Amino acid sequence: MQPDLLPGDRAAAVLQTLRLASPLVHCMTNDVVQSFTANVLLALGAAPAMVTEAEEAAQFSPQASALLINIGTLTAERGRAMLAAVQAANKSSTPWVLDPVAVGALSFRTQFAHQLLSFHPAAIRGNASEILALAGERSGGRGVDSTDDARSALPAAQNLARRTGAIVVVTGEQDYVSDGDKTLAVAGGGTLMTRVVGTGCVLSAVVAACCALSGSRLENVAAACQMVKHAGGIAIQGSRGPGSFIPAFLDALYGLNGEALA
Amino acid sequence: MQPDLLPGDRAAAVLQTLRLASPLVHCMTNDVVQSFTANVLLALGAAPAMVTEAEEAAQFSPQASALLINIGTLTAERGRAMLAAVQAANKSSTPWVLDPVAVGALSFRTQFAHQLLSFHPAAIRGNASEILALAGERSGGRGVDSTDDARSALPAAQNLARRTGAIVVVTGEQDYVSDGDKTLAVAGGGTLMTRVVGTGCVLSAVVAACCALSGSRLENVAAACQMVKHAGGIAIQGSRGPGSFIPAFLDALYGLNGEALA
Amino acid sequence: MQPDLLPGDRAAAVLQTLRLASPLVHCMTNDVVQSFTANVLLALGAAPAMVTEAEEAAQFSPQASALLINIGTLTAERGRAMLAAVQAANKSSTPWVLDPVAVGALSFRTQFAHQLLSFHPAAIRGNASEILALAGERSGGRGVDSTDDARSALPAAQNLARRTGAIVVVTGEQDYVSDGDKTLAVAGGGTLMTRVVGTGCVLSAVVAACCALSGSRLENVAAACQMVKHAGGIAIQGSRGPGSFIPAFLDALYGLNGEALA
């Protein structure tokens, strides 16, 4: 099954819709990328809100346009709050996205991520090692890094999509986005992005924002990947290293225009 | 009651005093803005310290020049630690500042923020929706964003100031700073600042630093607003988007000079 | 006992080894510097992973190349997780590094840091006030800042090194690195680095990465100091203030070359 490309005008249309809708994204994410995640969503025109206490998280996710669950610095207490938020999101039909950071490498989060799978995520975004581990085919990468390439995890991603009903994204040199039936490939970006913490995590937040939009969820999620890849490519051109990449990337997301995406 | 302007030479004098005194600000703030908050205080010449465990927080706030309480990512445990810090601050006459992030939108923090009001904050800094909610007049914004404009919340701010004895700041396109009797207006900045996470939160930290200084607290707090607005304006001029805004803003705070403020 | 200088070609060799080995550093660090720490390690070619839950931390530290314990925002729960990680690290001979932020100033962390000393840290990195307090000679600085200069803490550092078996680093205008017998001095950097939060904390992370490398640990740790001082100096030259320093510093670490170090 050869992946297709997302038509450029679709990515442009999703970007325009995102800016008009300005989805409010409830982010329950790891300690390391809180600020970067919020700034990426703001730069794109979405609205982030980090709400973490269980009681508040359950009250807030129904008010949000989408919910992001990233288990990078999972604790038992955060796990309870995430579960409460996910259940409330489901009751109110708020779409939620799972970023299963380092699943497979550590038992506690692996068990938690598998438990979350039964709560109908709208999308799952991980690197190849994470998607393989979540699909039950391999036991994890090196810390938070993948030891597998994205293409090799594509069958696992497709199985996972069919089993859970989620759109599954495997990121790497190319990103693959699958609903289990149809698969889209997204190119762009560059290896400098692997020298900046959280480029995967912030993509998951953009995926969450795009899951709040109407239209084809498969295409909306692929458009999220394309926005981040495209802005990443612009930023790499305009930077001297990972330090200057960060402001350049946020500026590129802010200035992203549909014509360039198309 | 038409707001006055802060005389420019007053802002310059407060900046000079701040740099000489280098107040030590005990920051109990949200997960998203920890690093930005510390860097803003350092750039201005103040000294930040984040101490979070209840026992340590109560030991530390009396040693600090001022205490900041920001409830953006409140948890039950953090609430207990904040309460301990506030009570210790009051015993030692350390001024403390409340940033009631998203109050009104979420029950747990709304109840907590109302409880804190009885502990005599030196200042309260919020957007219009937050100040309206805290004054008991409206039920909150959209996530962490205001759905009201600052001017519309001015009467509520003045009432809140009279009721609590705090200097109340409502931020927006213009900032309003009131002791319930006299009100000062501060202009500057720009909408790009709403596309960067934490520009309000860091202002609250600067307000806390300025509450540690001698002289008129109303003017000290208005000077804090003016420093941030002015540096924000410089940074907007020197940036291409929200990414390059952040380093430019810290550089502008670092290089802020009294003559330009005046 | 006059400190020696680290031969420049040694620092260059350590940098090369670091990039080849790409040590996986398990960082249990404070809330304020999570992102900066990860980005510094990535820029240098190491691999950071923040794992915080006690059960996971104990599972992860044996898989890591080195473990960093930074007590800047210690809580009782984090203390338990840190202890579990340190004990697991010792069982698997993973070297671990202690950054005793603000020890001496606050009782809870002071007691905790003293308890940790019995678990054989590979290295300890602190400012003068922290090293004096940890050595039992003085009671702490002003918040997280030192009120003593590095040279004055050198005898305490040497005693602490002899007593614990750790390499002890006292940082300041010059850094001193001692095994209790031999001491190396490292110059460079500049005062602008004291206006950016976490420059000491990120050095501790680089020290941890270098403790994972083979060869003389004393020289490896001094090389870590030299990399950070050298990149700091380059970044100061290329920046207009603490804001532009941060991206310039990450770029300088990324582009650091052995010849310049030598």
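Lettered A, B and C in written order, each chain numbered from 1.
Just so it is clear, a residue touches a chain if its C-beta (ideal position, glycine included) is under 8 Å from a C-beta of that chain, and two chains touch if they have at least 3 such contacts.
Since the structure is predicted, the reported quantities are computational estimates derived from the model, not experimental observations.
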item: Copies chain A and chain C - rotation angle from C-alpha fit, nearest 5 degrees; value: 120
item: Homomeric contact chain A-chain B: same or different residue positions, threshold half; value: different
item: Whole-Å gap between the CA centroids of chain A and chain B; value: 33
item: Junction residues of chain B - those touching two or more other chains; value: 31, 34-35, 246-247
item: Contact footprint of chain B on chain C as seen in their complex; value: 30-36, 72-76, 102, 105-109, 142-145, 194-198, 239-244, 246-247
item: Residue numbers on chain B that touch chain C, as the complex places them; value: 24, 26, 31, 34-35, 38-39, 42-43, 47-53, 55-56, 59-60, 63-64, 77, 246-255
